[in-house]
Amino acid sequence: MNERADVVSLQKVSKRFERGNVLALSEIDLSVRPGEFVSLIGPSGCGKSTLLRIVGDLVAPSSGLVVVNGKSAEQARIDRDYGIVFQDAVLYDWRTAAKNIALPLEMLGWDRGRRAERVRELVELVELGGFEQHYPWQLSGGMQQRVSIARALSFDPALLLMDEPFGALDEMTRERLNMELLRIWEASGSTVVFVTHSIAEAVFLSTRVVVMSPRPGRITGIVEIDLAQPRNADTREEPHFFELVTQVRDMLRAAGADSADPISEEEEELIAAEEGLTP
Amino acid sequence: MLRRAGVFLAVLVCLWAAWEAYKAFGEAVGLTWPFEVNDRTFPHIHDMFGQLFEPSRRNGPLLISVLFDAALFTAKEAAVGFVLGATVGFLLAIALVHSEILLRGFMPYIVASQTVPILAIAPMVVVWLGGRGLPGWFSVSVIAAYLTFFPVTINALRGLHSVDPRALELMSSYAASRWTTLWKLRVPASLPYLFAAFKISATASVVGAIIGELPASIQDGLGGAILNFNQYYLSSPPSLWATNIIAALLGISFFLIVVLAERLVVKRAPERFA
Amino acid sequence: MSARLRTWGPAIAVFILGIAAWEGLVRGLGVERFLLPPLSDIGRTFWDDRETFVDAGIFTFKEALGGFLLGSGAAIVCALVLARWRPLGNALMPYAIAANAVPIIAFAPITNNWFGILSPFSKIAIAAVICFFPVMVNTLRGLTSVRPESIELMHSYAAGQREIFRRVRIPNSLPYMFAGLKVATVLAMIGAIVGDYFGGSQDALGILIRRSAGIFAFEEAWAAILVASVLGILFYAAVALAERLTMSWHPSIRGGRTE
């Protein structure tokens, strides 16, 4: 079998924030193969969101090597090799759902006809038919996230980065969107790196679960999720599912996931976002 | 801290330099557009400041002492006006927040009230209040209050309305009276908005006081000083400019007092901007 | 239709009550007639001489409009510049806020000196300076109050500064900008009229008010005041209309909940 190159390769990546002299990540080694669905899970403040942003070249690592799609993270970003979905849908209020989805396509210079067709495809994919002309404030949280996902997929990137996209939604919506995400993942064939707080969600969605330690974030361990594909509602009832959940939970606890953290997760995300923005 | 002071001085020096540069350029070139540049229209900055330490009239007290007294006088009018206007504005907002009908009924007129040129109404206010035995400066305070109440009302309304509905429900579950809800919940919630309004009102009250003095022919304040030095502009251009500088300082002082008060009173998470 | 009535009904009711009160109280309580003439007298005075009043109103309005356009235009350009070059913007923002606290109206005699008392440009200048700072501060705040994630998203698209401005900052700033512009309409009128107070052309509204008040012709003065007020309201409404048209997407305009 041909060794297809890793989509993401992190070698000894560390990140220290100037503000507060915080060591957020320490010597992260991780490879993500094409077509994988990798979840990053860990306690608040373990740096998983920061790690995601490093992959997306939104935050620069303090040391270590980051290779995305065979290029530097910066080049991958410039070449638009990835789409990103945040916990907050981050839709623009002055654009309809359809126009929000089309945003990256406009920026890529696609002509109107091609954009319209692609938007149609995506609306169907994320099952938002009938709501394309609605404005964000007219849509529920779950629907906004679907718009956000459609937008991230619009230019068919090789890699999808997702930062707790369903964290703000209720359990039932969450489970439904989990299923939809898997369906979309299969249909698009992209690679996904997914940050989450929920062990069940991580196990349900992923091919591998990467468990991180509290700050400074290190990789405690990786759990291979060998549940049958395609996953469905019954998967959550399987004995093996519970075994894997327990495995992940034990790994988290072993790393000290119960300890309190002085800097809140939101604070860390904001620091990361601001540092990424300083010229 | 030191860096901020440095930036502050740097900006001031740049502005000073820009002024003098324009003056030098304008005079050298004989600029007539947008206006002619000479010592009458565009005095040196150091002349303006220097004028403060000259007698305001022959054998009279120094200009700076005259202007300082005038500024205090106007400050008193403005302060009274500010308190009056802020109180009225706040009470008005409280009344309107409890009744949707009153709100919709009166809102357009509250907005429209600011389009009435208060300067024009000022003489009537002076005569009316004077006829009731109130001192002239109080009329000026009323005029200052007129300019002050509006931002306070608008912002107080927004603040009183900005309460999280769930917090209101919580109050309801405690069977709290309207009064309690008002004072324990809505008012503290509206403080940031109020202070935003106070910052605008601080300036507005000073502007109102200065404007109000003009038709009231009140000599003792900055408005009177401006009229006076305007009349005698040709004999001493820097005097009017010096008066403007003092007026500017007065406005800024009021503003800074509110900023300071805000720091002390409002403890709030800083806003995050990108 | 009934929604419209519910919105405007109370205001119309207050208007009618207000007029009735004016007429009734003034005549009934015998408020010093020369201070607050009955509305009907004011109306008659206006009508008898309406050309003079309207002409004076338009003259002053043109000064206000000129100042508004000049001041707001400059303010928006400055805000864009300061938002683009942040270090400069951050350094100057406190000064802009402080400058907003200066009673600029005190500056009116100086513009009279610069441009000549009779020239409308002296009033345009003062109106422009008064409008400048509120519009600039508001617009700048709108341009910079963007959530960090929005900018991160743009970075993920490898967007340059110009695109970020065009697609994110400028649309985001519109509500703030219009708030500033609405305030500026009122300030511009005040600037023009107060500018007149320090001396101006006989054709100006402010001079008309001052002259009438000076000879105790209070009906004329009030008629002129009401003309100024109506013009101010129309000016404000025009900007509010422009806001509605450009921001048709905003929840507050589409009837949805705000924030």
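Lettered A, B and C in written order, each chain numbered from 1.
We adopt the following convention: contacts are C-beta pairs under 8 Å (C-beta built on N, C-alpha and C of every residue); 3 or more make two chains touch, one makes a residue touch a chain.
Worth saying up front: this structure is predicted, and the values here are computed from it rather than measured.
The chain with its CA mean position farthest from that of subunit B is A. By number of C-beta pairs in contact, chains B-C lead all other pairings.
Each chain gets a centre from the mean of its Cα atoms; for subunit B and subunit C, those two points are 17 Å apart. Centroids of subunit A and subunit C (each the mean of its C-alpha atoms) stand 48 Å apart. Centre to centre, using the average C-alpha position, subunit A and subunit B are separated by 51 Å. For subunit A, residues that reach two or more other chains under the stated contact definition are 270, 273-274, 277.
For subunit B, residues that reach two or more other chains under the stated contact definition are 272, 274. Residue numbers of subunit C whose C-beta contacts span two or more other chains: 147-148, 150-151.
Across the complex, subunit C is touched by residues 53, 56-58, 77-80, 82-84, 86, 88, 90, 92-95, 103-104, 107, 135, 137-138, 270, 273-274, 276-277, 279 of subunit A. Contact residues on subunit C toward subunit B in their complex (touch as defined above): 6-11, 13-15, 18, 32, 35-36, 91-92, 95, 97-98, 100-107, 109-110, 112-115, 121, 144-148, 150-151, 186, 189-190, 193-194, 197-198, 206, 209-210, 213, 218, 221, 224-225, 228-233, 236. Here subunit C touches subunit A in the complex through residues 86, 147-153, 155-159, 163, 167-168, 171, 174, 247, 249-251, 254, 256-257, going by the rule given at the top. Against subunit C, in their complex, subunit B makes its touches with residues 7, 11, 34-35, 40-41, 101-102, 104-109, 111-112, 114-121, 123-124, 127-128, 131, 199, 202-203, 206-207, 210-211, 214-215, 222, 226-227, 229-230, 233, 237, 240-241, 243-244, 247-248, 250-252, 254-255, 271-274.
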